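Down below are the structures I want you to see.
Presented sequentially are two complexes of chain A, the first with chain B as partner and the second with chain C.
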Partner chain A sequence: MSEYLYVGKNIPRTAEVDKVTGRAIYINDLKRPGMLYGKIKYSEYAHARIKHIDTSKAKKLPGVRAVITGYDIPDVRVGFLRDQTVLKKDKVRQFRDEVAAVAAISPEIAEEACDLIEVEYEELPGLFDPFEAMKEDAPLIHEVDARGRPIRTNILPLPWKFEAGDIEEGRKASAYIVKDSVETTWVNQCCMGTSGCIAEFDMNNNLTLYNQANVIFWDKRRIMEYFAQIGLKDSKVRIVNPIVGGSFGTKLDTDIYEFIAIQLALKTRRPVKILFTREEEFFALPPRQPAIFEIEQGCDKDGKLTFRWAKAILDNGAYTSWGATTPSVMMMPMSSLYRVPNVYFEAKCVYTNNIYCQAMRGYGNPQATFAVETSMDHLAEEAGIDPAELRLINCNHSGDVTPMRLKITSCGLEECIKGVKEKLDWDKKRGKRNGRGVGMASLIHVAGGARVYKSDGHGMIIKVDEHGHVDVMSGGTDQGQGSPTALAQIIAEALGFRPDDINLVFGDTAFGLWDAGTHASRHTFIAGNAALEACAKVKRQILELAVVELPKLIKHQIKRQKRKDPDFKEPDLDFSLIANPEDLDIRDRIVFSKKDPENPYFRTEVSNILREALHVGTGKSHVVVAEAFYDPPTEMLDREFKGNLSCTYAFGTTGVEVEVDEKTGEVKILQLYAAHDVGKAINPTLIKGQIYGAGYIGVGYGLTEEMKLEKGRVMNPNFLDYKMLTAKDNIPVTPMIIETDEKDGPYGAKGIGEPGLVPTAPAIANAVYDAIGVRINDLPITPEKVLKALKEKRKEK
Partner chain B sequence: MIDYEYLKPKDLEEVFSLLKSYGERAVLIAGGTDVMVNIRNKKLAPEALISLRGLEDLAYVKKGEDGYHIGALATHRMLETSSLVQSELSALYDGASQVGSVQIRNVATVGGNICNAAPSADTASPLLALDAVAVLRGPGGSRKVPLTEFFTGPSQTVRASDEVLVEFEIPSEMGQFGSAYHKHSRRKAMDLPILGVAVSLKIEGEIIRDARIALSVAAPTPMRAMEAEAYLKGKKLSDDVLIEAGKIAANEASPRDSLRGKAWYRKEMIETFVPRMAHKALERLKNR
Partner chain C sequence: MKKITVSFTLNGDQVEAEVPSTWNLLRTLREYFEITGPKEGCGVGECGACTVLIDGKAVNSCIYPVAEVEGKTVTTIEGLAGEDGTLHPLQKAFLENNGVQCGFCTSGMIMSAKALLDENPDPDEDEIRTSLSGNLCRCTGYVQIVESVQKAAEMMKDKS
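Now for the complex of A and B:
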């Protein structure tokens, strides 16, 4: 009986039929009665003083209901460092700066009105290079901080510095040392659904915000904080998610357009929708944070790592969102990917007049792992050790406590490295320098929640009605990742129901209990554990009712049978076998006696029990409902950025074989194996989906994707010139699922949302080096860069 | 705000009369895959769109005694799936089959691709390498313009505002050429070329009897590399000769630095792909 009915099975995604048939309601489809359409007027300069804004023509356009500028709304700062206002009225600091906004009866009229707004600027010199911006005499992008105190530097006041052990000791103990410069650039999250929201106030000034937030309770809190400052402190806020077409980090912060929709709704007293175009998605949303690294690593003569030292410069852009906090995640691979005793890492975030940055799948980890893993390959070469072997020598293992104080529980890294090595036929293919090459890279990431907020909890309410329908109110959100299906499997398994019985309601602050959000690859792990707790309570309630109702049902049944058949012989039933809740269990909707499981009299559908318990006619009827709140036993990082912030960690290795055309510089991926320690695959098809998707984004990061900025302007805000790969590019990703049965995970599961992306780009870079002997440490690895490097190499000879 | 009249004349006479009455305020539209994008991006704001989709009899690909005839309204998908194009006008198959996606190729027409006159048009180099002649018709009658004289600048052609491109003629002797086109792009779909190279060759034994080399995104308009062609004529076929032709062609080109590619890289790609496409063209001749 211990075999799982639903966990580990490839149950098809539940809600997806509606999506693929066009019935699912996205923000694009959602309309509210009397709704208006909002549009935003953006800056025409990267850095300029606003001299004058004339909205008179826009206001006169028929169909326009409101035109607002920074002069029409309270001058309140928002954002993680409170370094911007909703609408900018004195100065613009980047091209995406929101200068004015319009609400009109159609999106077309709103757009036309935006064009009619005349803004007079006085252009200021811009800073587009973080190194220029760090110079002492550089002009300041911000004059004062949130408290009005003067700012003297463009370097953000963030304390990103990590130290463990002694770097000098590590250097002394090294037989080999390598030092590299590594650079990554802006990439866009490229969600299938563009961003948007509808803000709607009732007559008591309570707000319902239909948006795509993936941390609805933080979103609510940020808006409440905003309300407190604009005189709406008594207003209530409800966040409701429609179906979301992907987030990949874009919906982690409350974006400026949401505050603008709120202001337009306040002004017009009508629901206002703002929906981004694809172009806005590229130039007016915060992309992945670019980073420039100096990295130095050493090992002793046996290949044991002795130290790792790295400095990062992050181009923060003009304002601060979560991108500026990615160094806290960069510390994880820097300190804990492979065993390394002495570590130093620091990161500086620098204001520039470029686009500001946010979270994206991996949250700093892809950048840092690109630095660590390309440097590992360099070190392996320097030490004359096979790069796979160097990784195995320094492999993380179960029971390790890393310099960041991460406690490694289950760890399948060794299996991942060896598995990829074998699949690639590594020993035979490596080191040929004939235009074909193999390379690998690994990763560590949080996989059991991430205590980045003081609560990393998830609340879940489960009720079961007399039809045997299970409604689950989760405080979480679904960004399209598939965790509702995985949760339905977990709940069905734990309750003894079927996945079809489970109806998940999520993405609504009115129904859900607190959840720290769908981020950090945490949702299935944390919500799954909450589900197990809630299911245990619900099941107990059902079984307690069954102890009362089952004997009654059996007696009714016997009576009925006697009535039908006068010769019916009453069975000799031992009712003590079903006298206690502990004697009973539920499986596949059937309540049964554990001690006499096949006895048909002791078996009945759960709904029969629940119906009897509800319709009792005595004033003592029962319903079944329970809640659970799971907050994992983890720690916040301390002042030194040390602490076990996750219950468990994901490990994985990507191995690729590439072919490089030495005449064109093109890199073709012949094979890509992505081995991931997932703890336990709740749904292997869904996991493979995560690994494929993350793998493709990783290949894009490695080879083709880049937002091209020229003096702060995004020059390729469209899919023609932003080279996201297509189905036709046919990247041969093969997922390899490694199961380590994580003791703290729901049914042994770990998070897998982000990991697949993280090691892909460095694995490609390492394979390119193996193929042609040229290291491209600057993403993406474009044909032009490869060809140029090859030419330089030939010249050297 | 985007607002226009949509007119769908039934025959060319009606097209001419609409062109006359609307003049500059109207734009001809066939598949719409360029025109609609330009309207949305506010590069075009016509008062009227005159659709050519009613002229169904201009969508054909056929071979006659006087050569090949391709109707201006033939879609890329028609060219791609035509066995005649595949086997005898292979470079055109290469170009047409790599435009956008199947959905786009189902509506985008070859006439539109040429009249849009983008330096990156994927059917331009193949048609240039196949000696195509554009047939323009206006109220006063028809005129034929060799494609080498058709493009006058980016988005500019010799087509007069009252004329309609109706057909491409390809001389029948081009059927004896082997041809191939390479679209050098970062993606295999939904992309424009960083550079396009079309080569067609006629061979007798080991001797190159005749050659055409056409380049896209190598100059303000799609162009022929005539010096390289002249160099090849009469030469004995060898790798060195083809490599030299690539170098000459690269020198004839005047690509620019753009977001999509650097000039030096484009020149390198001309050098690389002239020989590669020549080999492919010869391979196809052999297998015919």
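Now for the complex of A and C:
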């Protein structure tokens, strides 16, 4: 292939001009005629029996159109383990439990009505510690499962156990072994746009749900399943995304507020909008899944890893969403980050009366990588090997098949580690223990789709009209990652058009074909491959039309020229050079002959061909449209959680230099290098945006962010007390883009949405250790923890 | 509900609004004038998504009582582009340098940057970061936002 015109270029995000002019319409801005506002009444206890709900006062409030409780709607269970109902009527198990809901003509009236609902509770003892909750005599949070069978334990019936090789053999072969306890906590996704939806039924009971789902087809399916159980099995469902104000995992599951909006809309026969406040965003949305690890690793005298053993306890909270499936992703770094022959990993998810959890950028990977990578540093110290060297000794390489059966195709890990090491001036700076230190951590992540659903496909429809405008209907969604630009570049390149010609439509189940969702860093890779397939078809159609139309256009042109200029000498054209579609190509909107590319007669604007082919004056007119469905050649994990679930994997290394103030405990990041194997950068500026953004969230995860829960209640549900980084924090992140040209990726690209976050926190923890000689193994690394650890260290001396 | 009438200049137009006296400016802009640029990210002055200019100063409109806007001049992101749709250098720079991702913080971010550049056409990185410190962004890590502001400052200098 010759030089690319658009791939690899920093094309600006002009397609999103609405976002810089205030015109982009988010759910916050969207209104429907006759729309009502819904509000939710939450529990006042972490664990209690509901004795009585009195809605009479609320119902009497002028402007209220509906008040519903669990007694007014079908008693149907929803969620991944079907362990909750939409509104809770017998028992509440967490503070965010939805007890009642109101629809009113204004949000204020709805709010006031919620306050007028009186609920009488009988408080029950709460369980807020997963270890307490696992005890045999612990009270049960759920008495029965989805099928009504009695439950005897708070441990969820999930089979998270991975084994490969033989741990005992590994232990025997070890010269050095380390064991650590590591802990990560709840963090909030902090989307700047708060959550919300509008549910609207037509008179045939068909639903249009305007929401922010990032897996619209699963969202539709969950709602269809719900409908089947509430007597609406013939209703149709359409999901429509307005512009989405950030996702970071929050939009993966269908949340309870969406079912509530649906119920209120059904009851009132009016569109109903629920829009979260920031406070709700903090206490009523599922945050990142916390995890507590025990991890043990060993290596032989040369530093070769011999085994990795780890157990995780996950505080599941009161109900189950995708947080409980994070162990399936934890298995990836546990088994496959660096070459390790013998692996054991198990995870237990435990019901408590805390907030339940969901996905967040990186899924379970940041948690598990924090465990693996802090332990790697410990092991390096134990073995007396430079931590960077230990990583290089055990580095993954192209052609490896990992214990999880992941097939490593392109792999830039070695380059990432070495690059970061050099940039940090590692050899000079490491090991000084003078308050300044360097540390690194790496990652592996899916980067070529993730077959977590039986179809990991993406459907794309591309049509080109007579003006040469290209409309692309993608089944995927955009949450701000830049797909309207990156995919337009891929499509423009493949079709021979310009990015400006491409109009991408996302997030509508009525227009799009199936897509498994914008998650798992899969969108550019999967949608990009679908685009290439569709573009090939569209281009072929155009060139087939050109074979017919181009000679006609040329003859017209000659005729015209002759008319204008009687002396015009007819050129001697060899029409056999444009006789077959294979002889032609399109570049920069121009159809031309490959065999005689500069001949002006054989060159024409593509729209000329399309117009001629459409307005033919006979019954043989043509339009250009094609569809492609790309489902990558990957496999589901088997019962042992093994299988090549992604076409390719992302690798990367973050290296940081920190300064620790031993008086205040403050950790300052002096440099942060984030090297990522991106396959091929379709748009380097956009890729850097992903690395910066993810890196910042990673630094927050490492140093400042934590949801403080006290007996199940979120104590810091606002931006004053929940410390998201600001522009003033000025973390000096330097992205390093490593290109490995992935053979299966669109133009060589791999996914890069999540990786930047994954290794950041452990790199910081390792640098802190290098600076002051104390290991802080529980996140975030706050000044208080640093001071406490330093104090203990001094005592030991 | 007690209503008040306020008149002020909004994006160059003389306007009047009759709204409940308890409303803040953000709500007035969004609900009375149906302007969508200023966003509510928190409603309590902690995120900056609602930033507008009042007499040239960047203000969190969500905590600005509407009564106080009487006689003042308010500029929202809608008032930035030229009448013919020409983008302001800040708007251009945000698109060109990936200063916008999901875009939810963008209106506020750009308005804070505008207040800065109007006062200080040649700010250094620290000054930019300080001016934007009240505007939270979850997507970008601020780096390309700061770059966008720098590029916009350059564009504006070249022009004048």
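Here are a few things to note about the model shown:
One rule holds for everything that comes next: the second predicted complex is superposed on the first by the 794 of 797 C-alpha atoms of A that agree within 3 Å, B and C clash if a C-alpha of one lies under 4 Å from a C-alpha of the other, contacts with A are read in each partner's own complex, and residues count from 1 in each chain.
In this section, a contact is a pair of C-beta atoms (placed from the backbone, for glycine too) under 8 Å apart; a residue touches a chain by one contact, two chains touch by 3 or more.
Quick caveat, the model's predicted, so the values are computed rather than measured.
In the superposition on chain A, contact is made by A:Thr664 with chain B only, not with chain C.
Of the two partner chains, chain B is the only one touched by A:Glu111; chain C is not. In the overlay built on the shared chain, the residue A:Pro783 is in contact with chain B alone; chain C does not reach it. By the touch criterion defined above, A:Gln481 reaches chain C but does not reach chain B.
In the superposition on chain A, A:Lys680 makes contact with neither chain B nor chain C. With both structures placed on the common chain, the touch criterion links A:Phe719 to chain B and to chain C.
For chain A, the partner that touches more of its residues is C, with chain B and chain C as the two candidates.
Touch criterion met: A:Thr704 reaches chain B, while chain C stays clear of it.
In the superposed model, A:Lys728 makes contact with both chain B and chain C.
Residues 719-720, 725-728, 730 of chain A touch chain B in one complex and chain C in the other.
Those residues of chain A lying in contact with chain C across their complex are 12-14, 16-26, 28-29, 189-194, 243-248, 277-278, 479-482, 685-686, 688-689, 692-697, 718-720, 724-728, 730-731, 733.
Taken in their complex, chain C has these residues touching chain A: 30, 35-44, 46-47, 49, 76-78, 80-81, 87, 90-91, 94-98, 100-107, 110, 125, 128-130, 132-146. Of all residues in chain B, those touching chain A in their complex are 1-2, 184, 186-192, 259-262, 265, 268-269, 272.
Across the complex, chain A meets chain B through its residues 108-109, 111-112, 663-664, 704, 708, 715-716, 719-721, 723, 725-730, 782-784, 787.
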